[in-house]
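One chain, chain A, links the two complexes that follow: it is found with chain B in the first and with chain C in the second.
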Partner chain A sequence: MKIGLYPGCSLEGSSREYLESLQAIAPVLGLELAEVPDWNCCGASAAHSLNHKLALALPARVLALAEQAGMDKLLVPCSACLNRLSTTRAELIKNEALRREIAEVIELSLTCRTRVTDVLSVLAKATANGFSEKIRQPFARRVACYYGCYLTRPVEGAACRRTEDPQEMDALMKLAGADPIPWAFKVECCGAGLSLSRTSSVAELAGRVVEDAALRGAEAIVVACPMCHTNLDLRRSNIEQNLGTRFAMPVLYVTQVLGLALGIDERALGLHRHEVPVRWEKKANHQDTQAPSEVK
Partner chain B sequence: MICHGQEDGEHAHCTLAEEAEHAVGVSAFECYQCGKCTAGCPLAAEMDWSPHQILRLLQYAAPELEEQALRSLSIWLCLTCEQCVTRCPQEIDLPRLMEYLRQQSLERGLMHPQGRDILAFHEAFLDSVRKHGRLQEVGLVANYKLKTGHLLQDVLVAPRLLARGKLKLLPQGIKGKAAVRRIFERLQHDEGKEE
Partner chain C sequence: MARIGVFICHCGENIGSTVDCAAVAKAAGELPGVVHSVDYKYMCSDPGQSMIKDAIRTQKLTGVVVGACSPRMHEPTFRRACNEAGLNPFLCEMANLREHCSWVHEKLPDTTAKAIDLVRILVEKVKRNKPLSSIKVPVTKRALVLGGGIAGIQAALDIAGAGHEVVLVERSPSIGGHMAQLSETFPTLDCSQCILTPRMVEVAQHPNITLYTYSELESLEGFIGNFKATIRKRARGVDEKLCTGCGVCTQKCPNKKIPSEFNEHLGTRPAIYVPFPQAVPNKPVIDRDRCTYYSKGKCQVCAKMCPTKAIRYDQEDELITIDIGAVVAATGFTIKGTDFFPEYGYGQYPNVITGLQFERLASASGPTLGVIRRPSDNEIPENVVFIACAGSRDSAKRLSYCSKICCMYTAKHAMLYKHKVHEGRAHVFYMDIRAGGKMYDEFVRRAIEEDQVNYIRGRVSRVFERNGKMIVKGVDTLLNGQSIEIEADLVVLATAMTAQPDAEATAQRMKISYDADHFLSEAHPKLRPVEMNTAGIFVAGACQAPKDIPETVAQASAAASKVVGLFSRSELAREPVVATVNRTAPPLFSTCVGCFLCETACPYQAIERDDIRGRDGQLIRQVAKVNQGVCQGCGTCVALCRSKAIDLQGFTNEQVFAELLAV
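Take a look at the complex of A and B:
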């Protein structure tokens, strides 16, 4: 399957292991990813908070470039970018005059014919056939699948069908050999863009997520969004200070878990880049396998 | 647009709720105060007015109450997580309304003091995108610290990020960065100055 890719800024910097692991598993899953040429930042919550037209124009330039490159479909792994690109596309399709105005602002033609898609949908299709034969080392751990905000909301055009209890990531984890647990914080917000400007709020919100996952016996939290990862992993010491407890539970990208199950090298998946070490004291539930980082 | 008082031939006076409805198509009057938005809002506990109370402040159409909404911390704390609009029985797009209220609050010089850091972050973020076309995380953090004076915040985080290969020290602009800068200019979003 050939598909366009919009990595977004986080995946080139503080969340580069998300891109690395996606690119590591892509060839094994038969995915051919072509990056949008000369893409720009989508503006994220900053443009969205301050200047509505700017919040449309920046993603619109990305859509126009993808269109120009002949891409029918664009994979946007970051949930925040996904939200900006898909809501912009929906708004410009609905409002013809606005679409023309924005096309003039970005100096590019824009029909919005390139469709935008999320990582869970792409991975579901790519693993639909013959995935079990490719598994080298089932990821036999209890995992809490954390969807956050933008994979389920806004409901119109959302990646996941069940808004309050989505199942798409859970299904992927089962394919990888994991045991996804039912829990209460699947779609609660981690604090997202306030990570730097109001860290205390993020410690509180992300702390609730980590605490519930730990209480229910999860051995790892699985995410598909760089901001969720930052707030649950990089902000772990803030969370621990706030709650007065330590949590050893690592946070992995969905692409990293699939990569481990496929037997891909840990470094290629960027596991060494996490704040919370990806290792476990206890053996995996699975009888015949060991989690890769267990014995060091 | 039909404004409050217009039908009596008086001088047209638009209430904030009417202006918002006109500008972004979200009507505060559709809210019947069930409180579902507040129940689901992750930051309601830290807000001075909870989400359904912000709507109520607009419904009275009284200037002094509208000002309360524009002076609130709540409009700056909104994470646009979309939980409220997803659960709202009236499908009121509260995040979109909050965005409008933030812009009005800035324009009228009514920003809550605690909104300053949040605004500084957004501005530092956009400064970086305007300059380079993409976000340069190192520049963003440095610029945010200068804007807020929080020079020592997270000083322990940077070396750890660097050790893990997560910090790019030199900005790498895109080829189209002039085109991106023109987008900012056309939409009148200049450095340190809001619309």
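Take a look at the complex of A and C:
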């Protein structure tokens, strides 16, 4: 499957392991990723709270470049980028005059022909056939799939269907041999909007997520969004300080879990870059862990 | 020579603000054959009608075209006016300048031009109209009431009480509907069963009511006064004549662990069962999907134990066809289950229940004998959270309407809980309290003030389980939007009231209209609230929209009075829009060649065969003849007739072509 890729800033900076792990598993899954040439910032957070047209023009330029490169489909792993690109596309398709105006601003032709897709959908398709044969080491752990807000919202055109209790990542985890827990914090806010301005709030909000996952015996939290990862992993010391407890529970990207199951080297998956070490005490929770019966 | 009068109505602002009515009247006045053309603000008003009547008399009009609203709205009005002035009513036609023109276009010269076109079309038609007279049809004075809840029961009793026969059809094994499941009823807290069961018995004993339970309407044919209903009486597996209702079979049935529908799955029932002890009729039904005999071929315990040998495993469904004059649709409602709410756990938590389940917990005849116990461990809950508007008024859940009864029953639930568990704490999350009704607001105040129910204005974002407690996360909008968390033992969702899952199919079977939410659509929301657009079919209860018991009973009585009014006439006048086969008197000649393609085509079996005989009585030819009582005027036969011998009265080929050529 040939597909365009828009990494966005996070995947080249604080979350480079997301990109590394995605690129590591892509060839095994038969994914051919081609980066959008000369891409720019999607404008997330900053632009759309200040200037609506700017907030449209930035993602529109990325869409136009992808179009120019002949990409039918564009994979956007970062949830914030995904939100900006897909809402921009939807709005420009709906409003013909606006599309022409924005095309003029970015000085590129723009038909919005390129479709925008998320990492869970792409992985679901790529693992649909013959994935179990590729598994070297089932990721036999209890995991808490954490979707955050942008994968289920806005509801129209969202990557996941059941807004309040999405299942797409859970299904991927089962394929990798993991045991996803049922829990109520899948789409709770991690506090990303306040990540820089009010870290105390982030510690509180992200803390609730980590606390509940731990309470239910999860051995790892799995995410598909750089902001979620930053708040649950990088801010872990703030969380622990706030709650007065320590949680030895790593936060992995969905691509990293698949990579581990496929037997890819930990370094290639960027596990060493995490703040919370990706390690488990030997077989400590093994009784709770169900055998990977559903690997098929 | 035709002398046509044209009358253009402004319909207040409705037409007048978009269409230049004076210009339309002026243009119409210049059409050939038009001798009189005027416009007026409200043509349907008394002075408007007088203008038409005066013109007919003074101008000696031979035809009238009224350019106004839809003929559905006022054709009867204007035709009556013409009749009063001595003009055959079928020489009056309406050009729809409102729905077909002013309401759907902007104020542009083209809009007025279209209005003129519409009028010209009808002028050309009316020139070719012929005087017709209404067809008289008899009325079968027997009503079909569909649904045996409180709406159907009330309608049936009222019609039967007026001396007419009623056939009451209920699809579950007993009549009683949702009202039989309720514990106490607001705002007086009288016991639901105590007020309902005497009515149920009355239905069973009434000499004018024929009751078919465990039965469904298979098909409905015909028209007002002359319907033919086919009812599928499903096989109970029990000979109702022999069964005495002793209950031995239900006690001895070894398969007792089936979730009880009547108890909203909080209790169990055997495979042969009566839904509840006060059921009418008190005759059991075998649930063939769960009965061991049907799945494994063995058991037959009920047959062995039955003292009157009434068990019939091989009983088959029975189809009963009945002539009916009017129908009351009282097919009821259902509610959303807890599994509809992902944010409240998708139905995975046993201690998150629906309001109807709470009714069963509070009911003396329920699975806990009226003691409030939570389903997970049968403990008495100390902290109960009630969530109003669960699904209702939420367009994101595609349920934008208010379920209307929840504010009241939630107050009642909280009150009942406090009456039974004095130390318990009851919390209600609400959006607004809609307690419009006699003694309703007083009832809610009583819950808040006397029973100290904690009302919190705000929504609940999530309910989940932690350490055996249900964590309810919500917001108090009166406390500055502060988020709050309550550890509850039991959560009761006032889930949205919805149409029956098969409401659409039922409506289509009866050829009646329904809305986007699949509630049945009354003919007019204000002025014809119990009639359907299909003549002879009436509506009562929550199948039309969410409503409470008093409102349902009132509507059922209203529907019954409409039926009784219809039955007070011995015959009805029908529009003469029926097909006719041309015959020239003496009844010898017809262009019909007797191919009888029309007979095959007619969906209503209205084509009969007629002999044309010579003076000597010898058969010359067999030709088609239309039974005008059965014909629905669909025109299929007209399209198929290859010798053009059939025409539709009021819509002849000549008239329709004249209309088309005038465009």
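Simple rule for what comes next: the second predicted complex is superposed on the first by the 281 of 296 C-alpha atoms of A that agree within 3 Å, B and C clash if a C-alpha of one lies under 4 Å from a C-alpha of the other, contacts with A are read in each partner's own complex, and residues count from 1 in each chain.
The working rule: contacts are C-beta pairs under 8 Å (C-beta built on N, C-alpha and C of every residue); 3 or more make two chains touch, one makes a residue touch a chain.
Every value quoted in this text rests on a predicted model; they were computed, and no experiment measured them.
Chemist: Should A:Trp183 be classified as contacting the first partner (chain B), the second (chain C), both, or neither?
Modeler: second
Chemist: Looking at A:Leu98 after the superposition, I want to know if it touches chain B, chain C, both of them or none. Which is it: first, second, both, neither?
Modeler: So A:Leu98 meets neither chain B nor chain C here.
Chemist: Is A:Arg162 touching the first partner chain B, the second partner chain C, both, or neither of them?
Modeler: Only chain C is touched by A:Arg162; chain B is not.
Chemist: Taking the superposition as given, does A:Ala124 touch the first partner, chain B, the second, chain C, both, or neither?
Modeler: Neither: A:Ala124 stays clear of chain B and chain C.
Chemist: In the overlay, answer first, second, both or neither for which of chain B and chain C A:Glu275 touches.
Modeler: Touch status of A:Glu275: first partner only.
Chemist: With both complexes superposed on chain A, which partner does A:Asp212 reach: first (chain B), second (chain C), both or neither?
Modeler: Touch partner of A:Asp212: chain C, not chain B.
Chemist: Now for A:Ala90: first (chain B), second (chain C), both, or neither, which partner does it touch?
Modeler: neither
Chemist: After superposing on the shared chain, does chain C or chain B touch more chain A residues?
Modeler: B
Chemist: Same chain A residues contacting chain B and chain C, which ones?
Modeler: Common interface on chain A, chain B vs chain C: 155, 163, 188.
Chemist: Along chain A, where are the residues that touch chain C in the complex?
Modeler: 155, 162-165, 182-184, 188, 212, 215
Chemist: Of all residues in chain B, which touch chain A in the complex?
Modeler: Answer in residue numbers: 24, 42-43, 46, 77, 79-83, 85-86, 99, 102-103, 106, 117-123, 125-126, 129, 133-135, 137, 141, 144, 153-154, 157, 160-161, 164-168, 174-177, 179-180, 182-184, 186-187, 189, 194-195.
Chemist: Over in the complex, which chain A residues touch chain B? Could you list them?
Modeler: On the chain A side, the touching residues are 9-10, 12-16, 38-41, 43-54, 57-58, 61, 105-107, 149-150, 152-155, 163, 187-189, 191-194, 196-199, 201, 205, 234, 272-275.
Chemist: Touching residues of chain C toward chain A in the complex: what are they?
Modeler: 341-343, 345-346, 348, 396, 462-466, 471
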